[in-house]
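Next come two complexes built around chain A: one with chain B, the other with chain C.
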Partner chain A sequence: MATEAVALVEGEEPGGLVFHPFDQFEIKPLFGEIGDPVSWYTISNATFWMAMAALCVIGLLVIGTRGRAVIPSRVQSAAELVYGFVYKMVEDVTGKEGLKYFPWIMTLFLFILFSNYLGLLPLAFTPTSHIAVTAVLALGVFITVTVIGFVKNGMAFLGLFWMKEAPLFLRPVIAIIEVISYFVRPVSHSIRLAGNLVAGHAMIKVFAGFAAIAALSPLSVVAITAIYGLEVLVAGIQAYVFTILTCIYLKDALHPSH
Partner chain B sequence: MATETITAEEALAVHGAEAAGPGMPQLDVSSFPNQIFWLLVTLGVIYFVLSRFALPRIGAVLAERAGTITNDIAAAEELRHRAREAETAYDKALADARAEANRIVAETKAQIQADLDAEIEKADAQIAAKTAESQAAIDEIRESAARNVSEVARDVAREIVAAFGADADAAKVDAAVDAKLGERA
Partner chain C sequence: MEGDIAQFGQFIGAGLAAIGSGLAAIGVGSVAANYLGGALRNPSAAASQTATLFIGLAFAEALGIFSFLVALLLMFAV
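This part shows the complex of A and B:
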């Protein structure tokens, strides 16, 4: 995290404000020296926090439900709540035939949710603040949904771009717009998630940098608290938004007619 | 993570290196393979655990709970039905008992009435018999009294006639007295 570095730098250059809002997003090897090369297999801070997210998922959904109780414990109740929430979302948006893909959507939702919330811990790293991660997630959704669309509907899937309700002379124009919007989906899908998290986390660091000025520090603390509260909301909402958009794209693939 | 241990120079060096490269770590392409690899591993692990263990288990628990609730509601419905039946039977038994009691009361009343009537009749008959007997006794007394009167009158008349010194014929005197009594009777 950048705050310690800021404090150290402050010691070197008294009076100057130094901001390091992006230090927190650096990928570093978990073991070894700073500046060591990060190859694809290196266990990095990203690896560690992704593993933490996976452990939290297992803790909530597997260890939390080991009692299999008809009258649930608190953790089991929470696990059932998450299950019911995502299950209902998939069923409501995509219909019964979408339930086949429920484990996949549940995986996305839980990974993003826990990454976002674990990233709010002080000194933590947020995997979902990296475009590399969100782009893989969004591209995975995009490719999967497109494949499902063609496998389920064949060429009829292209009907998604051909508005039958529109006047005939407008249909080609609308089709072009629809195709462009279809290919923009993974971009907006991934940048929305990463962008929201980066903005919030960076803002907290910027406010933390202002704490170097004694007169501003109380205000800085208040601002950090307020932004943190907002980030708690954003972490949950962005996980929800990513998931429900996935459901909507899946619905388009299963029922391409508008 | 490990920033506590680094010195100010290192922090500056890192900052400098970062400033030289792309501004945001997000755009540092050299870190992409690492993130993508570990992301796929993580997603694979989560997907495996969810689809193999967690989701079937939670689904089974929810289904079992729904089944239990349905069964319990059915059982409650059954019990309520039975309770209503029992209540109906109780009401019926109560009504029967009340009717039976009324019947017994009416029967007993009729019995008592009949006994009473019989007794009254008997008593009336006895009273009538006693009355008739008494009437007979009174009639006899009256008759004997009337006879005594005529006897006393004859004797007195005879004695009076004798006292007057007339040697009256007893039969004549008697006839005269009877005639006199007969006039009065």
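This part shows the complex of A and C:
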């Protein structure tokens, strides 16, 4: 085992590992190799795991609401818990008017949550680790919120950038900063989610590489267990953060005057 | 030990960008510490501020993630 580890370090390219931490983010066709004629007609692993996330959401809510028992079953209480959690978040942040957009925010939350959690299964692929996926979600939020703002408030929506509280000579400067920060929103919104997941999964992979020395140092098993626990936490928190930022952007669109 | 000066610069730059991730950790710690300090002084108001706590954590953490992204771009994309 020791010689293998040495060969692993010396035989590879400088700085390379046998299992590269970023191999797991590669998009591959589900059947056949890349370049095979078969591969042109199959879906990729990204599509597959996104579909799995959607199926899990459907499964949770359909099975959860089937019984409608007074004393809920486990699945029903889980479904009720998620529904109540997101409903309360939307109500707290955006107020009563925001509840009209609750289904949209619930969809976002559940899709991201299940993508993150399914990605934690061994050999799984995490769709939300790709900026292409999260950028579409964030751009969807950005465009929707901007359209809602203009439809609800008309040109008064531009008051979001014109601070009434600030001294008059400072207002143009603040307006420029506000406009820039408004347009950076989808960038930070998407990179936050994708970056957290990429960092977490790469870290799990690096720690999993220590399995080669698990017999020498059992501590590495404890370490990867702890890191995995942290990643379970991060998966939930990042879904929550994405959703609550969506709620805040929606609140800005509904009530542009600060 | 082969490689050219550009690769040398990439590795140095990626290492420097990793410092930014560490600095973001200070920010995240500061947010959590101040929240805990406030929550212990006034426990009844703590529950209503958890959402703000997570938003603050997310904003502090995002900047660390940005520097991580810069490191990744230097290592794999440049």
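As a working rule, the second predicted complex is superposed on the first by the 222 of 258 C-alpha atoms of A that agree within 3 Å, B and C clash if a C-alpha of one lies under 4 Å from a C-alpha of the other, contacts with A are read in each partner's own complex, and residues count from 1 in each chain.
The rule is simple: a contact is a pair of C-beta atoms (placed from the backbone, for glycine too) under 8 Å apart; a residue touches a chain by one contact, two chains touch by 3 or more.
Source: prediction; values computed, not measured.
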Touching partner for A:116 - first (chain B), second (chain C), both, neither: neither
Partner chain(s) touched by A:22 [first = chain B, second = chain C, both, neither]: both
Which of chain B and chain C A:92 touches, first, second, both or neither: second
Touching partner for A:46 - first (chain B), second (chain C), both, neither: first
First (chain B), second (chain C), both or neither touched by A:146: neither
Partner chain in contact with A:61 - chain B first, chain C second, else both or neither: first
Which of chain B and chain C A:191 touches, first, second, both or neither: second
Contacts of A:246 with chain B and chain C, given as first, second, both or neither: neither
Set of chain A residues, in rising order, touched by both chain B and chain C: 22, 198
Chain C - residues contacting chain A, complex: 1-3, 11, 51, 54-55, 57-58, 61-62, 65-66, 68-69, 72, 76
Chain B - residues contacting chain A, complex: 1-4, 6-8, 10-12, 14-15, 17-18, 23-28, 30-43, 45-47, 49-51, 53-55, 57-62, 64-65, 68
Touching residues (chain side chain A, partner chain C) in the complex: 14-15, 22, 89, 92-93, 188, 191-192, 195-196, 198-199, 237, 240-241, 244-245, 248
For the chain A and chain B complex, residues of the former touching the latter: 1-2, 4-5, 8-9, 11-12, 20, 22-23, 25-28, 30, 34-35, 37-42, 44-48, 50-51, 53-54, 57-58, 61-62, 65, 68-70, 72, 76, 79-80, 83-84, 102-104, 106-108, 110-111, 123, 125, 127, 129-133, 136-137, 194, 198
